[in-house]
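Can you keep this structure in mind? I'll have questions shortly.
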């Protein structure tokens, strides 16, 4: 809850580094908001370039343009990275933070492709694709708007339900292993007339587990599907189980969200014991009895 | 909420234009209701004609009949459009409103197919299909019945949850791009024995993203599916993520709807005991028996 | 609500017809419960016979046994039908009730297959399959146990949400028609090198609508799937829409169920105005103010 | 609820058997927790061995290593099983309990594969796969952490909704049988030009029911899908039904979970104003300030 607590009165930035910090890392001022919007557009465009470059026909037709755009964005992000390093109070902490690593991964691959030795060993295509991780930088947009508190509420609801979700996932995974093994017994190990093994997609437990996950999550590609009556019966049973199981996590998060939403807490702080989190309809502190 | 507030006492229509307006645009009077029902039936029949016309065998067998029906409905809707223009107080505002544009799109294509030059350039089939947009006019039926307040309640719940839904969709789309890129790395870029590229459905990031959306929404066509062990493992992980992610929006709207539904209490305060939270249909306080 | 109201003191059955009625139509006495259990087992077994008979290999191997079992159950159900007719106070009303028609459909097809003329025209296989409707009789089991009130609560929740569900289905169907038409435009009407039409599964609007329903409900067979980039983009958009739309009905019924569950109503009847449905915590009738 | 009630003051273990019991069967002491963690790791590793052994290529490459690991885990689990038998107060009751049987099934297959006669009749591969049931032992991990109360809450919510779920599953299964039979009528029984039956996947009612379950649970493999217009229309109708039906169980469990979650109020009544419904952590009445 402390994240949502009213911030202490912010002091004015004193020098150019603090000014820069405010613009780049915060979104309270007009310059800060503008910077975030420009950055977001640059990120989305640079990811679009990565995507287009992966399409063979576009790459061969507009290769030069995409190459130029790629270097433009890389240099832009490099300048931004350096400025972030300069204006942040503790640069090393930023470098090893989540966003610090993502910011570095956004620019590194392009430089590496320019080194023939690295590009040869790692594969230009491989390095190029890693740049798609750039999009992770877009998570910063939540900072921009009223979406921060919504994202926070969602995060809290999921966090509050984490133990229930862990229990649920354990049950699902155990069911996947058991049913996957059973299907391997029933459908796997077929041989054709010449005694050679037939590929059924249930030829090992891991492959059967892949099928079990595809089925239980109701994705159902159909690249692997049972062919024997016993296998079909077990598959049908598993689908019904998956159909019933899917409702459990839904209920969990809904109940947590309803709880979070229903707890109409007042923002009052008890003058007697400084306790927070009173119900909106409370007239007295529920911890010490002081009149609110 | 202002939309649901009781309307002020409606004054009687004064002349034929106001009478027509009442019949065509409102659904309070018997004539107005009848008009809406007849219009709805005409819309549904005309959309059925569009559908049947798109089936090759029916078109060749009953082409003349469908052609006649099409022109009958087009002329009917044209008359209706003109009448709407005449009786509405501000015609220009109607023309550029959502329903005004839909009403125009419902009649324009048929006239355009009669102009050889346009039909030749745009394609008769293309113009014919656009007429299916006619069905959008059917949204007016919500006006007819008690469905309006229900539709309004749903719209409000979704609107109230719009920021949460935006956060959710951002997370989903970022996951789609990241996983799509990873699958492109793992499954794409295969070559056969002769060194020619093999079509796997993961040959570019956009194609991989199409697969990622198909998988994450649990649709799972199976037209594209991973074939390598690493790809299958990543796909299985993504399915579990999608299985867990799908619960979040469900919870969001449910919590909002529960909130909207719970609000159906009257705002009256008991003059006897000052208790609140009476049912909207209560005439007496349920705690002390005082008349409300 | 009247169904759940406490029944008036039941008077003892006076003669054999009332005794029979009590056994066959009710489930309060021991004989009545036993009858229902025996009937349920007979229904399930007879449906199993219908199923087994439809499997070619079993039919050719055990045809005689299945034929005998079929006639055994048909005669059993015929006797039951006649007894029901005898002991029910108003036979005609029973004959034309839902269960009366289902009871008749459960025995008629077997007799019809014995008439060569009918069997020849309608098809023995066709008549045999209709017998599966017998299973509808199993709905009577809800009468057996505490499941009646649960089934009633579910029915009420769905009934209470019927207008919201109608709005939801209208929106889904309109989306299906619009997107189906758009896909017909984008993917349909292909011709091969010789100018002959290629079957794509989008060759008419109804076929495209079938695809749209398969996609929107996240079933995703994959027997029809888009092949052009524009079609894939539209399909991806529709999946995201379906992914978001599916949450709405879930929320609707959940909110109604939560409401039904939370409305802890007392079974008290107001001595002043005979009104029912008071809150469990009400001390005074909320309609007339009488002390409860 | 009695399971969650505070346990009576535990007495200190008196001898080595009670000490062993505490370590092996409970997770309150440090030694007990360590034992559980080590056991969990051993279970997961042994299941991984079973999985890897089922992959042909890994089996042929590292067969000896896997064989050794398998016997290592089997002997480890055998020792554990014997120690459990020794230290448990009533050994016979443990042997026939759920975990007792699972513990035995975890070690038996490996010994059986060593007996040539049994291995020859039952199949080594078959016996090897049964060992995957070992994973069921992992359910004991819920004992380890705060997950026990969460798992218990989930179990209670599902248990409370069991009658509603039974009603729901009955409706689904009856719909599956009816629609499956109808599809068998519509799509089945096709013959080709030579009069020989064509395999459509709807050739018997059980096969059609398999399709109906695959469709209704929105899995949608596509290995069986309708080909006639009537079949597609019925399939589309069933999908819409499944799309609407899936929301019902979701709502059921959510409503139950919300109920369970909402119950977290204390049962205390304020001595000052007799108000109820205080939070479990409240020390003072929130309406009048009296000490509770």
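Chains: A, B, C and D, in written order; residue numbering restarts at 1 for each.
Note that contacts are C-beta pairs under 8 Å (C-beta built on N, C-alpha and C of every residue); 3 or more make two chains touch, one makes a residue touch a chain.
What you see is a predicted model; the values in this text were computed from it and never measured.
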Going chain by chain, each one touching the next, work out the least steps from subunit C to subunit D. 1
Consider the two chain pairs A-B and B-C; indicate the one with the greater count of contacting C-beta pairs. B-C
Using the average of all C-alpha atoms in each chain as its centre, how far is it in Å between subunit A and subunit B? 29
Could you work out how far the Cα centre of subunit A sits from that of subunit C, in whole Å? 41
Return the residues of subunit B touching two or more other chains; collapse runs of consecutive numbers into ranges. 206, 209, 218-222, 246, 250, 252, 254, 256, 258
Help me check something: in the complex, which residues belonging to subunit D touch subunit A? 47, 50-51, 54-56, 125-126, 129-130, 132-133, 135-136, 138-139, 141-142, 145-147, 150-151, 153-154, 157-158, 165, 169, 172, 206-207, 209-210, 213-214, 216-223, 246, 249-250, 252-254, 256-258, 260-262, 278-279, 281-291
So in the complex, the part of subunit C that touches subunit A is made up of which residues? 218-222, 250, 254, 258
Which part of subunit C faces subunit B closely enough to touch in the complex? 163-164, 166-168, 170, 174, 177-178, 180-182, 184-185, 188-189, 197, 203-206, 209, 215, 218-222, 225, 229, 232-233, 235-236, 239-240, 242-244, 246-248, 250-252, 254-256, 258-259, 278-279, 281-291
